[in-house]
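Heads up, the next two complexes both have subunit A, just with different partners, subunit B and then subunit C.
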Partner chain A sequence: MSNFTSFEPSPPLNRVQRWNIYLALVTAVIVLGLGLTMRNTALTATQPFENLEAGVRAQVPRGWLIDTAGPDFVIRAQDPDALPFKTLLQISVLPIGPDATPNKVLDLLTMERAARFPAYRELLRADQTVRGEPAKRMEYVYTQDERNPFQATVSLVIQGVDVVVLRRGQAVIITYREERSAFTDHLYYFENLLQTVEIF
Partner chain B sequence: MSRLSLRLPVVLALVTTLIVSQIALLKAQDDEPLPPAPVELNEEVIKRATVFVMQTYQSRGQPVISCVGSGTLVSADGLILTNAHNVLPSETCRSDTIVVAITVRLDEPPIPTYAAEIVEASRGLDLAVLRITQHLDGRIIEPGTLQLPFVELGDSQQVSLDDTISVVGYPDFGDAPVEVTRGTVSGFTAEARAGNRAWIRTSATIPGTMSGGGAYNRQGRLIGIPTIAPARVGGVTVDCRIIQDSNGDGRADANDQCVPVGGFISALRPSHLARGLVRAATLGISRGQEYPRTLPPLPADPPRFSRLFFTTRINEAGIPANVVTAVPTGTTSLYLVFDYDNMVDGMVYELRVTVDDVPSASHSLPPTAWSGGERGTWYIGSSGTPWENGLYSFRLFIEGREAASQNLIIGGGPRETPQFSDIVFGFPDADGNLTGTSYVLPEGSAVQARFNYRFMTPGLTWSYIWYFEGAEILRDTQPWQGEAQGIWVMPAAGEFLPGQYRLELYIENALSATADFIVAGGAQATGPLVFSEFRFTTEQIDGVPTGPVRADFPAGIAQLYAFFNWRLLAQGTPWTRRWLVDGDILFEITEPWGAPPDGENYYLGLDSLTTLPDGTYEVELLVGNIVLGRASAKVGLGQLPVGVFASAEGVLMSGRITDAETGAGVPGVMFIVLKPEFSVEDFTWNQAQVLDLALADNEGRFQIATLLPRGTAEEPALYSILVRAAGYLPLSADGIIVTDSTASPVEINVALSRN
Partner chain C sequence: MSFEPMLFGAEEEIAEPRPRQRVWRTAWLEAIALFLLAFALYALTDILGVLSTRPASTSGRMGIAVLPALLWLFLSYRAERRTRQPRPHLVAVLVLGALVASGVALPLEEHLFQPERWLPSLDFFGRLLGYATTVGFTAEFLKYLVLRHAIWPQHIGQRLDGIAYGLAVAVGFATVLSLRYALLTEATLAATALRVASITLPHLAGSVIVGFFLAELWIGRTAILWLPAGLILAALISGAHYAFRAIAIVGSPGVGSTGSSPLLGLLLAAGFAAATFALFAFIITSADARAALALSRRLP
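Let's look at the complex of A and B:
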């Protein structure tokens, strides 16, 4: 024995029903757009940072953990949510001699990091500008130097960028570090920082 | 129009609303409180804080393990407390690198992870503090960057008989997981220089490789370090294992390195004896340059113990108050006293006691590192615990060879036998009364000895012998002509030059009382004047202060030197120097005086890794356990910064962060504790508001490296926490109360919901 189910064709919608549907769809699209805008705003929201003594002003991501008391940086911002590596933005100031060049500063950074980071490799050096100022950019990779040995995970590959800008007797180093697979996706944090940083 | 087309707008609206609400949730703080659950001993944290220590050296390009033991992390940045014999190089423990293996997974053996260096070590106490400085591949670890689980030092003076303890360490060569052995406190053993609680005795069965690990009270505080020196016979380690082909001949045999394992441990070094070492390491302070002194060469003659006798009382100066040959039932205090010669610190000695021919583990002292220097008088015993009746045989061993023995009977009632006791020394005043009684006297010519006597009878033969620097200088034998009981004052005419003296009193040719004293310094109203003109400076060249001499120094100095002059102190006289910070002893060294008898500008230095922390630095000089000189200088505010000893004070916060759905640990989650003055609402994600933060490990476990400073019952410290991880709803809580009575550690378990 078979069961048969018959479908009655839907009756045509009247004008009010049609407009109701259009209205619901438009509302949904507007709310969706609003939500996405809010999300983007939340994700790209920034807060101002200023250190008059160091002569640095910038916009850093809102909701990140901000450290301004370190001995070797002016500001360090870390994304507390990020897993497995806490995305890092940092601005530091290094005293330099009158004959120092951005390249020399990057050489010093390379030597210091090669002794500190496992499998440290420099990837590229290139010229760029930061708000019209000439600067030097260096990209590099290393494996995660685990502070917590109990993580016992496969070593993370961290990719980083340093942009060095020279000013009167100082080198300003702007740094971004991220786990390699997320490096490009989150590069906009760094680009935002570069666009907003003022060195005075 | 189909039903699908009718539902689509509704579904879209719902999805949109969900997205918006999730964004709102992301920004919101969950105010649901997380009540902290005070817990007692947290076995997992303690196990993770226990490390396996190996001494290694390179042979033919390969690392060779020479000695092993356990250790305990006492700070998050990698300070390790362990036995000195585990880490100090020696004949049997050749070493160029100290390797630290940690327990990553609790059910697996430890994994070699770091290299460490010795920060401070006391060969005599057999305690050492290491600092993890490198990864095994040679990369330097920046100070303060490690976040390792650690334990707090407890107050070992508060440990009582029958307290339950847990001993944690590695039971093997690192082939087995970390192990916990439980037992009780079965007594305390006294030893010269360390006092009545030189050792905590336990009923727990502890393998030798757990030496250097930790013993914990019920609150999970470190109260002792299980300690046993590898037993040797004739200088050869008797209990050892061959684990590798160290000489490269293709075979692992008797010609290869044999790693000592020791016997079973029944004694714990109380943690209060390690407190100074740990504090100095935490502060980054080490002993600096000192006056170049001449130390005696290593003795050529074999070591020996002699003149064994028993006493039931040791006075504050460490002098036996009486001599007993038998003691009555119910005795709770008994010490074996003996002289020693030609000893070297670090030698292994042992006391084996039998009661009616049955070995008594509780009264014996297992193989232990010697700490008394070359010669002197030593004692081992106990007070406050009952000694059962029986015939006791005490046998002393040096490096596995029997050196001396003595027997004693305990039992019966009190005996009324003639007796001398409680000898003190002093000078007669104008009325002939003894004044300035002490065991350190200024140079003079009229020393008198005063002692008590009991149960004496007229005509009883008694004698006395005076010694100077070990040589007899005066002896006499007389019939007793005094009362049965009283106080006797005995003059001793002669020129008392600086040096060490001894008086022995005999009744019928049997030793009845003895005491040592030292003559040093010149006379002054309050006692001998040996050390004078204390002054402090920050710089010196060849023993001459070159920096400003003052008592208050600005913050930021890196060295501090204490200078003083001295007079009439004979070479070889045992003296002790101490550095204290804010009243806590950091360093204490006892050794024979190695400078000329008189002089100026003796100096003691303190160094720091960076700068000396603000505090009041005090130097104390002792001769014969008597403080004869003391001076202090202030640096900065004159008080250590609050919380600088976080590893010893405050509440340890640890816990586990799990996925609410699966129950699995969530690795990498950031757990933030705010300073008490900030609530979650106040938090602007500024690191300055953060007390400390930790990242969860692969099992979701975390431990806050900074201990939470305590408030009081009236003004509790209120802490707020935040937990953040991508893919999970954030959690936060205010009002975690920490008072002076809050149990430590506080365990917080957090279940995160996915967003």
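Let's look at the complex of A and C:
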């Protein structure tokens, strides 16, 4: 009776067969390297965005839905394929007074959102730099309910991060929001945006 | 007069193959049975409305998922056991195929390649190459590794041996992918059957290619890049199926339809398997006939 561990020993191979075996391994390394390069290129592919009036230039993910017509933002990019929450990147510009600080801008955002978002809660604040400029970073969470009563679903927990940079009487707020379980996995979209954003 | 026993020994085996089970008949039967079952469940659910359109129970979905393996056991393996010299280790190869799918291919797909995150945004050729060079090549390479280390070359006596073992490893591999779908997706019986068929049939096609190239490497006179070419060809076939499937199953949304055409997806998977079976059956028949003719010319 044959069993699982009694495969017979392999007969000797000729030179062509041996080289085929070696080259199959080399091919695997090359092909998988090519595939991973394609994957990384596709995931980090961007398209340029520029708003001369607001003085903002950035690279946003290619294929995302771009909205530039909002009253409270310069650009809003959303991933149309993301489920259950469409990953959001946003750049807003707020006029500020001469004594404004990034902390005061974040306080203002917190007050405004606490009234608008259910269960809004600030998680942390920290100092950061954006392309050499000092900035303030704030992370927060809130819940989002499905508005359509015919699609009764459990509330989503959304995690967000804002980075505020002050510039000549304006505060530039760069925002990222994602469903909590995917927040860390997709944070690189936000980091890429921070690395490419130009405020002029 | 010179005498070369090694040459005669090798070609005699091709001219008079060992009394083993012919593979193509049962392979076609399995593919057709899988196609008909998926089509029947689709017709009973979506056309005739006999079956419920609510998600099926997990046990029902898992029953559909293991159906290709049961078909293989009932058709191919049973026929194999009835021959005078059955191919050894076929079930072991199937189990190894399932193990590499579960232990290597699925973790790589879910945590590294993540095709659903980036492939849908690419164009047709991007999807083809992207899938072929990640998920497709990994699957074919793992199936190759199973065959290479389990049965090659000691159990390869004719080209059809490569096909038989290739189909066994494909069934094991595809069964694990089908079980993952059945366990994680709340789908109807028809949707599960359609998905199981569209997973299994292209894997059968890819493994026919890998099995043939491996068998030919041992039996025939091949080039130094023969095996890499076979692996790349099999991966490209799976990539082509993925790319065409994105076109086939997305129909035109309208008042009377949801915009998806699952039947076209099934036809596409069946078409890939049928074309590969027909092409490689022709190639193997021709190669065996040429070998037999060459031998008959040498014999007095």
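As a convention for this text, the second predicted complex is superposed on the first by the 184 of 200 C-alpha atoms of A that agree within 3 Å, B and C clash if a C-alpha of one lies under 4 Å from a C-alpha of the other, contacts with A are read in each partner's own complex, and residues count from 1 in each chain.
To be clear about the criterion, a contact is a pair of C-beta atoms (placed from the backbone, for glycine too) under 8 Å apart; a residue touches a chain by one contact, two chains touch by 3 or more.
Worth saying up front: this structure is predicted, and the values here are computed from it rather than measured.
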Report task. Please indicate which partner A:Ala28 is in contact with in the superposed arrangement: first for subunit B, second for subunit C, both, or neither. Result -> both
Requested in this report: Could you look at A:Lys86 and tell me whether it touches subunit B, subunit C, both or neither (first, second, both, neither)?
Outcome: first
Requested in this report: Mind working out whether A:Pro118 is in touch with subunit B, subunit C, both or neither, as first, second, both or neither?
Outcome: first
Report task. Applying the touch criterion given at the start, work out whether A:Asp67 contacts subunit B, subunit C, both or neither, answering first, second, both or neither. Result -> first
Query raised in the report: Of subunit B and subunit C, which one touches more residues of subunit A?
Result: B
Requested in this report: Check whether A:Ala126 is in contact with subunit B, with subunit C, with both or with neither, and answer first, second, both or neither.
Outcome: neither
Query raised in the report: Between subunit B (first) and subunit C (second), which does A:Arg39 come into contact with in this model arrangement: first, second, both, or neither?
Result: both
Query raised in the report: In the superposed arrangement, which partner chain does A:Phe150 touch: subunit B (first), subunit C (second), both, or neither?
Result: first
Report task. In the overlay, answer first, second, both or neither for which of subunit B and subunit C A:Val16 touches. Result -> second
Query raised in the report: Which subunit A residues lie in the overlap of the subunit B contact set and the subunit C contact set?
Result: 10, 13, 21, 24, 27-28, 31-32, 34-36, 38-39, 42, 62-63, 81
Query raised in the report: In their shared complex, at which residues does subunit A touch subunit B?
Result: 10, 13, 21, 24-25, 27-29, 31-32, 34-36, 38-39, 42, 62-69, 76, 80-84, 86, 115-118, 145, 147-153
Requested in this report: Enumerate the contact residues on subunit B facing subunit A in the complex.
Outcome: 1-2, 5-6, 8-10, 12-13, 15-17, 19-20, 23, 26-27, 48, 102, 104-105, 111, 113, 135, 137, 139-140, 142, 145-149, 667-670, 672, 684-688, 690, 693, 695, 697-699, 701, 722, 724-727, 730
Query - Touching residues (chain side subunit A, partner subunit C) in the complex - result: 2, 4, 7-11, 13, 16-17, 19-21, 23-24, 26-28, 31-32, 34-36, 38-39, 42-43, 45, 62-63, 81
Report summary line: Touching subunit A in the complex, subunit C uses residues 88-89, 92, 95, 112-114, 117-122, 126, 129-130, 132-134, 137-138, 141, 144, 148, 150-155, 217-218, 221-228, 231-232, 235
